[in-house]
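Look at the two complexes coming up: chain A is in both, with chain B in one and chain C in the other.
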Partner chain A sequence: MPDNAAPLLEVADLKIEFRSGRETVYAVNGAGFSVRPGETAAILGESGSGKSVTASAIMRLLQCPPAFIAGGAIRFKGDDVLAMPLNQWRRRCGREIAMVFQDALAALNPVFTVGWQIAELFRAHGERSGKKAEARAVELLARVGIPDPVNRARDYPHQFSGGMRQRVMIAMAIALGPDLLIADEPTTALDVTVQAQIMDLLQDLQKEIGMAMILITHDLGVVADVADHVAVMYAGRVVERGKVRDVLGKPAHPYTLALLESVPQLQQNSQSLRPIVGSPPDMAAPPSGCAFHPRCRFATGECKVKLPPKVAVAPGRVAECHHAKSVFNGG
Partner chain B sequence: MAGEGPILEVRGLVKHFHVGGGFAFGRQAAVIRAVDDVSFDLRRGETLGLVGESGCGKSTVARTLLRLEEPTAGKALFHGRDVFAAGERELKDIRRRIQVIFQDPYASLNPRLRVEQIVSEPWVIHRDVLPRAGWPDRVRELLESVGLRREHAERYPHEFSGGQRQRIGIARAMALNPEILICDEPVSALDVSVQAQVVNLLEEIQQRFGIAYIFIAHDLSVVRHMSHRVAVMYLGRIVELGGKEQVYARPRHPYTKALLSAQPSIDFTGERQSQRIILQGEVPSPANPPSGCRFRSRCWKMQQVCAGEPPPLAEGSESGHRAACYFPEGGPARA
Partner chain C sequence: MTRFLARRSVHSAFALVGLIVAVFFLARLTGDPTNLFLPLDASLETRKEFAHKHGFDRPAIEQFWSFVKDMSHGDLGYSLRKQRPAMELVLEAYPTTLKLAGATMVIAIALAIVIGALAAYRPGGVFDRISGIASLAGASAPDFWVAITGILIFSVSLRWLPTSGVGGFPYWIMPITVLALRPFGLLVQVVRSSMLSALASAYVKTARAKGVSERTVIFVHALRNACLSIVTVAGDLTVGLINGAVIVETVFGWPGVGKLMIDSVIQRDFPIVQASIMLTATAIFLLNIAIDLIYVALDPRIRHQ
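Right after this comes the complex of A and B.
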C-alpha cells in the first residue's frame, strides 16, 4: 500500500471515560492512530490499556452512560463518526466497517441457528427473499472453511467448536464486503493450531476482498506475524507507532522495549527474563505525567510531571516519551 | 540438577471419565479417554514441561498425580512408593511433598481469609511441620521470598493484583518445603508484562531450593524458557518427549512440528512464514479418538500402518529423545 494514501480511518486524541457514582475511570486518554485502505494495523496492549474500548467507540457500541466520550474525533472515510446520526452510522456498519469479537459464543444468539443468524444479516440489509438469504448464508459458511455448510447452517452456536464459531463470526463480518474489519482478540481464546488457521483465513479473505484490518491483540507474536503497522497502547494512550518491523525491531518507547525483553522467545534459548516491575496502573487514578513512569527504568523527574510530547524518531515513527531518542538509539 | 535416579516415575497412567448414562435409559454411556498410557520420569530439581492444546490431558495428568482425580490405571512411583496405591495416611505425607499452583489466581485463594491464614493453612493440615508459635514469622518470611511485603500478611486476596495473587499461591505451596511443585498454567492468566515476574520467581525458587517442577502450559515459548525436558501431548498421549533443545530445535513428531510452526513469534527472518504448517480440521473428540496414532486424522504423513497399533514412544538417533510416530522426522526409531 502506498504510504501517502488518504487514511480510511483516523482516530485523533480520543478520550473516553467511564463515570460511575464513586469514580471516573479514564479508559482512553488521548489515543490517536490511522489506518490506510488495505493495510493491517495492529493495536497492541495489555488488559486495561484501552484497546477494546477504542474499538467499541469506533463502532459506536459503547453504552453511554456510563461511557462518556470526553474528547477527540473518529473519522471514517473523512466523515465524523461521532457526530453522525446513529441510524446513519448503523446503515454503514456491516457494509463498510465490521467487527469480530473475541468471545464468539457470547456474540452469537444461542436460540437461533447459525444459518438463520447469517441470513438475518442479508435480510436486514435489503434481501427480500428468505430462501436467497439462506442460500447466501450457506455460501458464506463454505467460504470461511466450514465443512458440510448446508447441514451446519441448521446447527445452533453451541454445536460448534471454538474455532468454528470464530469462523461463523468472521463469515458474518465479511458478508457485505466491508472496507475495514476490526478484529478484537479474534484468536485469544483459541489453541495455537486453530489460531494459525483463523489468522490464515483472515489474511486470505483480506486479500480477496481488499479490506483493511485493525487487529487488536496483546500477543507480540501475532502482531509480528500479520500486521503492517502497529500502535502500542499503554494506559489509554498510543505510546508508540510505526511499521511493525521497525517498532519491534528497534523500539523507541521504553514500554515497547520492556515488553520485548519480558517475553521468552520460541526460536532461541532466552536468558533470565527482564520483567517490567510493578503492575499496570489503576485507570481511576492514573499516574501523573507519563503514565508509564512508575515502571520505567529511563524515568527522570520530568516524566513524573510532564506529559511526554510526540517525538518523531524516524520517518513514520512516533513515540510519546521524553527519552524516545535515546531509547531509540539504544541508550 | 539431574544425574541421580528419578524421584517420580509415572508408568502407564490412564484416566477415563465416564459421562452420560445415569438415568438416561437407552443411552450408551460415553467414555472420555482423557489420558491414555502416559509414562515419564521426573528427576530431582528439574523442570519437565508438559505442552499441548486444550483437551490434550495435560491438566488431568497433574490432577491424577495429586489424586484429585482417581486414575483408571497405571502407577506413579514417588521415591519408589506408588502414589495411586497409597492409603489415606501415606497420601497425606505424599501430598505434603508434592504441591501445586493453579492457573486462576482469583479462584484459588479463599476470598474470606487473610493472606496469613491462606499461607499458614498447610500447617493446619500438617500439624507436625511447624509449631504454631513459629507461624507468623514463617508466613512473613515466605511472603518476602516470593517478592511480597511482610505487612501483606494482614490483607485479603481482593487487595492484590493477579500477579501478586499468584505469588501468594506460590508462597502457600512453598510452606511445606515440597520436592515437587506442579504448576498448572501458572502464568497464562497474567498480563504479558507480569508473566515474566512470576516466571523469574519460579526459576529463582527452583535454584534456591532444588524443587522439581512439572510445568504445564500451552504457551510454547514459556515452556521452552522454563523447562529442562519437554513432553508434548496430543489427545491423551505423549507424542514426543526429550530435552528442550531436542524437542524445539529438532522436533521428530509431525504434531510437534506443526505446533511449533503455528506459534506466532517475533522473528523477521522470513523463513518461518514459508515453513508454516497449517493443520487441517480440529482435534477429534477424546470420546472417540482415532485408532492407532491419534494424530493420524490430521497428519500429512499418514499411512495404513498408523491406523493399526498405536506407535510406541521410541528413541531415535539421540538418546533421551522419544517420539511416538512411525515416520518421524530425522529417520525412523532405533531398533
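Right after this comes the complex of A and C.
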C-alpha cells in the first residue's frame, strides 16, 4: 500500500474522560494516528494506556456517561464518525468496520448458540431468510477452521475451548468482509501455541479479504511480526508512530526505547535487560508536562512543566518528546 | 438432570414429613377443640363422646399414628365442623387461590419487565428516578393497610368496586392490585439491576459492534440474560403467593386456601389445617421443580453440566 494513499481511518487529537462524582479519569489525552486501506497498524502500550478506550470510541461503544468525548475527531472513509447519527453508524458497523474483543467468553452471549450469533450478523444486515443466514454461519465456521461446523453451530460459547471461541469471534467479525478490523488483544487470553494459530488465521483472512487491521497489543513480538505501522501509546497519548521496522530499529521516544530494553528477544544493541522503572501513572491525576517524566532517564526540567511537541525526527516518524532528536540519534 | 430432580424430590419429601409432624403436634398444643365445637352447656358425657369419636382423648402420639395410617390410604380426615372430607374442602378452595396468584404474578412480571428495562436504559434519568420511588413504595407498603385504605376509598366512598367476595372483573381489581404491589416493586428492582449489568456486558458491546439494532440489543441480548435472575426471584415470590395470600384473602373475603386455613386454625378444625398445609407443601414442591426446569431451559451453561 502506498504511503500517500488516503487514510481509511483517521483519529485526531482524541480526548476521552470518565467523569464520576468525585474524580475525572483522563483516559485518552489527545491521541492521533491513521490507518491506510489494507495495512496493519499496531497500537502498542502498557495496561491502562487507553488502547481499548480508543478502540471503543472508534466503534462508538462507550457508555456516555460516564464517558465523555472531550475533544478530537474520528474520520472513517472521510466521514466524521462522532458527528453522524448513531443508528447510521451502527448500520456500517459489522459491514464496513468490525471488532474482535479480548475475552471471547465474555464477548459472546452465553445464552445463544454460536450459529445463531453469527447468523444474526447477516440478519441485521438485510438477510431475510433465517435458513440462509444459518447456512452462511456454518460456512464461516468452516472458514475460520472449526471442525464439524454443522454441529458446532448448534453449540453454546461455553462448550468451546478458548482458541475456538476466539475463532468464532473472528468469524463474526469478518463475515461481511469489512474494510477495517479492530482486534483488541485477540490472543492475550490464550495459550502460547494457540496465540500463534490465531495470529496466523487473522493474517490469512486479512490477505484474503484485503482489509486493514488495527492490532491492539502489548506484545512487542507480535508487533514486530505482523504490523506495518505502529503507534506507541502512553498515558492516553500516542507518543511515537512510524513504520514498525524503523520505530523498533531506531526509537525516537524514551518510552519506546524503554519498552525495547525490557524485552529479551528484541534488544539488539544493549547488553542488559532493563525493566521500566516506576509504575504507570494514575490517570485521575496525570503527571504535569510530559506524562512519562517520572519514569524517564532523559527527563529535564522542561519535561516536568511543558507538554512535548510532536517532533518529526525523520520522514514518516513522529515522536512527542522534548529530546526526541537526541534519543533518535543515539540515546 | 434426572439425578438433580431426584435429589430435589428426596429433600422435599423429608421436608414434607418434618412439616407434617410439626403441624400435627403444634396444632394440638393450641388446646382441645372439643370446647370450641360443642355448645357451652353440653354435658360432660357429650363432651367425652365427641372427644372419643375424634380420638382427642387418646395420647397425642397415638393420634399421630392413626393419622399417619389414614393418610397412607389417602384419607386426611373429616372436617370437624363441615362434616366433609378435609381434602375435598381444600381442593375446592385451591383453584381460587391459584387463579388469584397466577393473575397477580403475570401482571406484576409483565409490568416490572417493561418498567425495569426502561429504567435501566437511562440510569439516573427522570423515568429511572420515578420508577425507583414507585417500586420502593410498592415493595414496602404494608398490604393490610393498602387493602383497607383501598376498600375505604374505592368501595365505601366512591362505590366503584365491591368490598369483598368473588365474581366478575371488578372483584379481581383490588385483590390483584394489593397482592401485586410487593412482587411488582421487588421485581422492578431486580429487572433494573440485572438489565444494568447485562447492558454493560461485553456481549452487548459485541452485538452493537455487529450492527444489531438497539431494540434487539435490549430486548433480545440483554433481557434474555436478565431473565435468569428475574425467574429466580419471580419464582420465590410466586411460592409466597400460592401459600395462600392470608391477609388479602381474609380482608377481601376471597374464598381461597389462605382464608380457609385461617378460619380452620381459629376453629381448631385440625384435619383442614393439616390437609391444606400438605396440599400447599406439595404445590410448592411442584412449583419449585417447574422453576428449576424453566431455569435450566433458559441457561445452557447449567443444562450442559
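Note that in this section the second predicted complex is superposed on the first by the 324 of 331 C-alpha atoms of A that agree within 3 Å, B and C clash if a C-alpha of one lies under 4 Å from a C-alpha of the other, contacts with A are read in each partner's own complex, and residues count from 1 in each chain.
Here, contacts are C-beta pairs under 8 Å (C-beta built on N, C-alpha and C of every residue); 3 or more make two chains touch, one makes a residue touch a chain.
The shown structure was predicted, so the numbers you read here are calculated from the model rather than taken from an experiment.
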Between chain B (first) and chain C (second), which, if any, makes contact with A:R245: first, second, both or neither? first
Figure out whether A:L273 sits in contact with chain B (first) or chain C (second), or with both, or with neither. first
Touched partner set for A:M99, first chain B, second chain C, both or neither: second
Comparing chain C with chain B, which touches more residues belonging to chain A? B
For a test of understanding, state which residues of chain C touch chain A in their complex under the given definition. 200-203, 205-214, 216, 221, 224-225, 228, 298-301, 304
State the interface residues of chain A toward chain B in the complex, per the touch definition above. 46-47, 161, 163-164, 191-197, 199-200, 218-222, 224-226, 245, 248-249, 258-260, 262-267, 269-270, 272-277, 279-280, 295
Interface residues, chain A side, partner chain C - complex: 56, 59, 61, 63, 87, 90-95, 98-99, 101, 103, 106-112, 120-121, 124-125, 156, 158-159, 169, 172
Which of the residues in chain B come into contact with chain A in the complex? 53-54, 161-164, 191-197, 199-200, 203, 218, 220-222, 224-225, 245, 248, 258-268, 273, 276, 278-279, 282-283
